[in-house]
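What follows is a set of structures to go through.
Consider the two complexes below, in which chain A is the common component and chain B and chain C are the respective partners.
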Partner chain A sequence: MKFTCIGLCLIAIFVTFPSCTKKDNFKGLSLNLAVSSQVKGMDPIYANDRYSSNEVARVYEGLLEYHYLARPYKLVPNLAESMPTVSNDGLTYTFKIKKGVMFQKNEAFGSEPRELIAEDFVYSIKRLADPKLQGLGWWLLDGKLVGLNDWRKKYSELPKADYSEAVDGIRAIDRYTLQFKLAKPFPQFLYALAMPFTFAVAREVVEKYGKEFLNHPVGTGPFAIKDGVFKQTKKIKYVKNLGFRKKKYPCDGSEKFKKEGLLEDCGKLLPLVDRLTVNIIEEDQPRWLNFQKGKVDFIAIPKDNFDTVIPDAKNLAPDYAQKGIKLIRSPSIDVTYTAFNHDLKLFRNVKLRRAMSLAYDIDTANKLFSNNQALPAQSVVPPGISGHIEGYVNPYRATGRPEQIAKAKELLAQAGYPEGKGLEEITYDCPNATVSRLTGEYFKKQMAQIGIRVKVQQNPWPELQKKITTRNIMAYGIAWSADYPDAENFLQLLYGPNRSPGANGSGYNNPEFNTLFKKAAVMQDSLERTALYEKLNRIAAEEVPWVFGVHRQNFVLRHSWLKNFTNSDFDAGMAQYLSVNKAKKEEMLKKL
Partner chain B sequence: MNIYSYIIRRLLYVIPVLLGVCLIIFILFNVLSPDPTLIMLGKHASKTQMMELRAELKLDRPWFIQYIDIVRSTFTFDFGRSWSTKQEISEMIKNGAIPSLTVTLPAFLVSFVLSISISLFVSFYRGKIIDRSIVFVCVALMSISSLAYILYGQMFFAFQLGWFEISGYESGFPDFIPYVLLPILIWVVLSVGPDVRFYRTIILDEVYQDYVRTARAKGLAESTIMFKHVLKNAMVSIITYVVIRIPFLILGSLLIESFFSIPGLGGIILNAINSSDFPVLKAMTVLSALAYIIFSVITDVLYTIVDPRVRLK
Partner chain C sequence: MKNEAQKSKSLWYHAWESLVSDKMAVTCLIIVLAYFLLAILSSLGLVASDYAKEIGPSYAPPSSEYLFGLDIFGRSVLAKTIKGTEVAMSVGLVTGIISMIIGVFLGAVAGYFGGKIDEVIVWFYTTFNSIPYIMLLVAITFILGKGILAVYLALGLTSWVGLCRLIRGEFIRHKDREYVQAAAAIGGGDFRKIFKHILPNVLHIVIINFSLQFQVAIKSEVILSYLGLGVQGRPSWGTMINDAKLELARGNWWQLAAATAAMMVVVLAFNILGDALRDALDPKLKGK
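Now for the complex of A and B:
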């Protein structure tokens, strides 16, 4: 009896304890986000993944940003007063930066607030180039700015870099004027200035905290880390930066967004919420359950829940619609593919590549691995950026029709391997994830239809990277997401001189493609450049350097109380535009 | 032998063992592993930057210098900074150990007390229906995957019934408590099955000994026999089983921490593996080895306390 009583008491304590903890009585607006990966830190120069760069962009800002409500994506001034003036030769970019922009308060500045000046950008860009820091975004500026590579090289052999040494390629002309001089034409340069790698940091703060700078983010951005110190934890808390400049919600945008009512907050001061909590929830189930409980404001639909949420692959299930949950779908600027190692003589045989592509039924792959929601890729450039050819159908793209299999067999015979005879077994390498393995098994099955033998080999990610770099690989499945919305970012994956360890992991090297790419890569945006991009895209399609996969789609659910949400491939800084209808949230939470 | 000289002698053995651990770490991470600079630089890695980064990380130095570096960091406990997060590793360990322990320590204690109690209880009723039923339940508990407990626990107790938090963590007492209750409960359920079977076997071994028969013949109460005599004699095996598990409590549980978003050492190890963060992995390996050695010494010393027949040599 005594044991029973103790047991019951313990259970009672266990069950009632959660309700005894302190209640959240915060009166302002709170935004609750969930991310699925660890955040590395808050130093802009190391923000080389989407999760870390999003966190960096809550506190820090750059000269430019993507217009929140414009599609196709468009760059607009952020800390710059206006878009830069560009010299006739396209090599000199001059920016005027906004006056009166203040860094967040910090002991490093003493008691006075500190204004952002052009020299802060000079310092921040040099930090990215500092060989002692090994910033992960250096590839963005490598060889692009006059003298910056020399500066980097000089100090790689010395114990410490001298930031006071002038570099011709990046100069503060006066307190508010900044000038970049490019070593060669690089039309994508402006995109670099919208990426967190180049965001402005204050020298005093970097010097005060030294190696601990990454845990003491002090920027000019809309949010500040609560208590001022970033901790490697599963919950990052931000508060509104009370000293944030008078930046306003945009009053213009694409028609689609106007119709969706995303301009209702036009002219309101940013950020629209007072508090922001980022929950790092690595597993799908808890992230999904937290969303359903209303503890997270929006979520990308986990793959395992897709059929429940969108049963007919088009509309949201009634259960969710009744709870006010909305579905937002948008194309992702990416491409998945199976790359061949072109160092091997075997894969320099274009007929073999075409035969393999024709044997691969992309429609079934789409159903199996992308819930039939992705767009089969006809070539390398995804929709939504110039260079993509609308309506183009790759002649070597298959949908599983018998005549395509017959054609594949014919091409295989022409390649010198009738019914696969004489062709060695092809090893398909993929990462360890289950979906990757299943994709590999599907590839194996498809190739077996025409007599090609494939062995699927799973690898830890580092091992796969090593195999690609050391060229010790035959074929492998991989994906590429855009760094910036320009076809150059995709076409460079097939540019010969970019061979691995550069971005061209397959080592494809076509002199015609290389010549055209080299020409297009230095051209400013124009009809002529678009025509060149399209030509390159067509060459890629017909030469089949890879078996093209799909361009994926993003499916995001948001709660009815979350305002102004739209999906973006370049969502750094997005949180400042989001708002919450508190009354609606309280009402809807009762129904969840 | 004096207990203090024994401890000192055993602790001196730590030196060659740690040198061996360093050698294994060196072979695993510095010789056999793929180039970490590729992972760190990501999709835009270039040959030049990989070389520069290798130089910055001091991976371009002769192998014996790299080995000496590992030895030095092992004996000074200065593991440097994480390659991935750039955080001070000692800080990472300090910050991660506490959340891990807030789950594993109470869970360990509760499951220990519960398992011992159940084992004594079933041993008392050995061979009867209650004994068989409990053993059956234990085997059933062991047969279910730990992932099933986590997924079902989150779905039913946290999401549907709302008794617990689904996931998350708040630092500081008592804020963390609501977040660790369900992980603790799951840990206990996961541990009770194997633990009860193990303790039951040990206790039953003792129950059939002559001294128990003698005690019964003397007319001692069954509770006195079980708690005072049987449990005491079973302690040597129990201590071996329990104490050696203590260092691993600090390392947390990879699965539980991952699903419940607890910022413990388990998650740190998992992230380090995924990002080829060798300094963190080296630090965790060294600390695990060290903790294992220390706790095995503690186990030996405890033997002499619970069983006077055991002598330290």
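Now for the complex of A and C:
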């Protein structure tokens, strides 16, 4: 049996590959993407990983989206007519939704086209809260909307949730007006409406397919799944949604994108391609080979190929450049750090923390672990979101200069541990991966310079998580990536009441910081809030609650024929903006 | 025993003679002794004590200056390999001793007394043998924390069963032999019969087994350290191979080469030595 199977697989491969390279008779434009993970299905309420949510966002849409060409990231209306009006107390959000937006054709609607109405959002958001469905995005709205928690609680006891029961927190005032009432101020609420969890589904379709709804995506979005059914295959095929509303390519954007010519398609109707194929290739190297053969239009550079692709860590190797391949780098909104457990008296000594930070040479770490391409973090908030202070240099951020080491030794002595005497051995916990261990060994080596002894201990990821939540830990290396582009998402990592099992794993607790954070967290976006964020960021920098690491960068390669591509941390819905230059593709494929 | 001053040579002398006549075996013995020497010197801090020191640029290739090349932090791969030797040899020795003590004692008792005691011990080792050493290691690390002690115990406690079986079988064969009966006739107790009379006659099995066990333990230590379950915070051949996982994509082969070569040579030497010892010590293979 086994032999047959392997034989068949081999044949299958040989058959598929030539069929891909043979001349495509399709007249329109087709886009080929590759993703590295299986997709769980196409139901918005279960899309809790990046891969599933990206697929969901091809078919479904939400009230808001991130502007494709604006950096820093900015929310713009998508299915909403405009940005909402917010009441003075910041608790009531009123949206007008676009008129004449149609769902994709489906038997569930009969022969009539089905228009999107405000009630659809009410239904979709209640669905996210439905206790019987166990939607994976519930945390997003938990405790945020008036009455929604009660509704959820009530029906968790009963066999079936009743969607006709009104919930105060979310109401359709008329056919095109939608109103949210928040239980408490939550200015980040709008980001929730750009996440696929809250995208609009149609009740008729959900009821027609029941459990199988997961595989029958019917949205208002730019693409429709081919043949109407999602199958667990290695290729997901989409076609252009012919009934898509007249959504246009943006005509404004950041200066950087203007210069790069990303605004050339201004005013064209979206989506720009007729067919979209998503290849699921889980292993790095096959994905990489497919990109090199031109079967995939863009790819993030696999770590192990970094040196061959970008030999000097700056420019693309000539043999790739000759093939027209372009390198796009962009900062990712994240921060890496070494956290201390502030429960221990030891680490409540700010001089010790400062000494340790000054002994840690970030430039060399950057060279060793990030190919010198990351941005050393001065504090907790990464660049690209307000609250990050451009040009600020943390006085306790070291680059390995001898005077910094001398200062570190001095601080260590002031902290009560001259040359590390009297200081216990510090255990540094890290995940099992090789890079994590090497990072730990680097930390150990840096601390040894001023006489602090460190022991590196490897853990499986769940065990490390457990050690952090049970606070049975001294120091550990970890990273945080943004859920949404708001400094609140980062600063909350240091907010005292958030201590783990919340997000504040270090348990840092500073009354001044807490008060300011509490104030800033409920403010609407304003200059005043930005000033507060910056102040918090500065406190975090100077108090050194962690040894800050770096803000990492993404490295993506694209083929010459792919147009309008730019890297984004929030890339759901990106495919509609991408285009392909067919003539160029045919020409360049010969060179590959 | 006294009479041997005349002409007849003892079993051990015979064995030694036959061992030294085998050039291959002698070479292997010298290699093994050299590894031991290196391990002792390194544990005394006389060599490779500065393995953590940065002596050159990151990933410098092997050259006359840096014999085995340098690693990511510019540390000498040679020094790390020597430090790894210390870990490997100590793991081999300690697990070998643990498994020898347990295996010989339980095997002897089970084989000699038989009956209920035998049944209990046989049940015990068959059960014990079904625990994979990685599982036991994980369990032990929950109590002791990760580190070399946990590795000693996990490997030692899971590797004695083979020896125990052999010893038990030998004791069953020997306990009714004439010399044991003679010992009983002149009033020798059980303890005396086991350790003074029968054990010396089966000691060759213990020695052969020990040398083979030694290299299995070394390999296991490398695997455990590679997986991140083994020694922590000091170089081991396993962690060096783990480092090399990333380095290979850059074309840096020297750390992998150094660690695997060091391991291969000592494991090969122990294997050959084990076979030579068997040839020399097992009376049944005499005169072959």
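Keep in mind that, in the parts below, the second predicted complex is superposed on the first by the 562 of 592 C-alpha atoms of A that agree within 3 Å, B and C clash if a C-alpha of one lies under 4 Å from a C-alpha of the other, contacts with A are read in each partner's own complex, and residues count from 1 in each chain.
In the analysis below, a residue touches a chain if its C-beta (ideal position, glycine included) is under 8 Å from a C-beta of that chain, and two chains touch if they have at least 3 such contacts.
Since we're looking at a predicted model, the values are computed, not measured.
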Combined model on chain A: chain C and chain B, fit or clash
fit
Does the superposition put A:K27 against chain B (first), chain C (second), both, or neither?
neither
Check whether A:Q457 is in contact with chain B, with chain C, with both or with neither, and answer first, second, both or neither.
second
Partner chain in contact with A:K590 - chain B first, chain C second, else both or neither:
neither
From the CA centre of chain A, what is the angle out to the CA centres of chain B and chain C, nearest 10°?
40
Check whether A:K246 is in contact with chain B, with chain C, with both or with neither, and answer first, second, both or neither.
neither
Which chain, chain B or chain C, ends up touching more residues of chain A in the combined arrangement?
B
In the superposed arrangement, which partner chain does A:G502 touch: chain B (first), chain C (second), both, or neither?
first
Applying the touch criterion given at the start, work out whether A:D307 contacts chain B, chain C, both or neither, answering first, second, both or neither.
second
Under the stated touch criterion, which partner chain does A:K160 make contact with: chain B (first), chain C (second), both, or neither?
neither
Using only CA atoms and the superposition described at the top, report the least gap between chain B and chain C in Å.
10
Go through chain A and flag every residue that touches chain B in one model and chain C in the other.
none
In their complex, what parts of chain A are in touch with chain B?
14-15, 17-18, 21-22, 38, 40-41, 43, 46, 48-49, 131-132, 134, 136, 138-140, 142, 156, 211, 214-215, 231-235, 279-283, 285-286, 289-290, 292-293, 295, 461-463, 465-466, 469, 480, 501-503
In the complex, chain C touches chain A at residues 52, 54, 58, 72-73, 146, 227-228, 232-233, 239, 242-243, 245-246, 249-251
Write out the stretch or stretches of chain A touching chain C in their complex.
303-305, 307, 367-368, 432, 434-435, 437-438, 441-442, 444-445, 448, 455-458
Would you tell me which residues of chain B are touching chain A in their complex?
33-36, 38-47, 49-50, 52-53, 55-56, 81, 84-88, 92, 95, 151, 154-155, 158-159, 163-171, 174-175, 177-178, 181, 185, 258-263, 267, 271, 274, 276
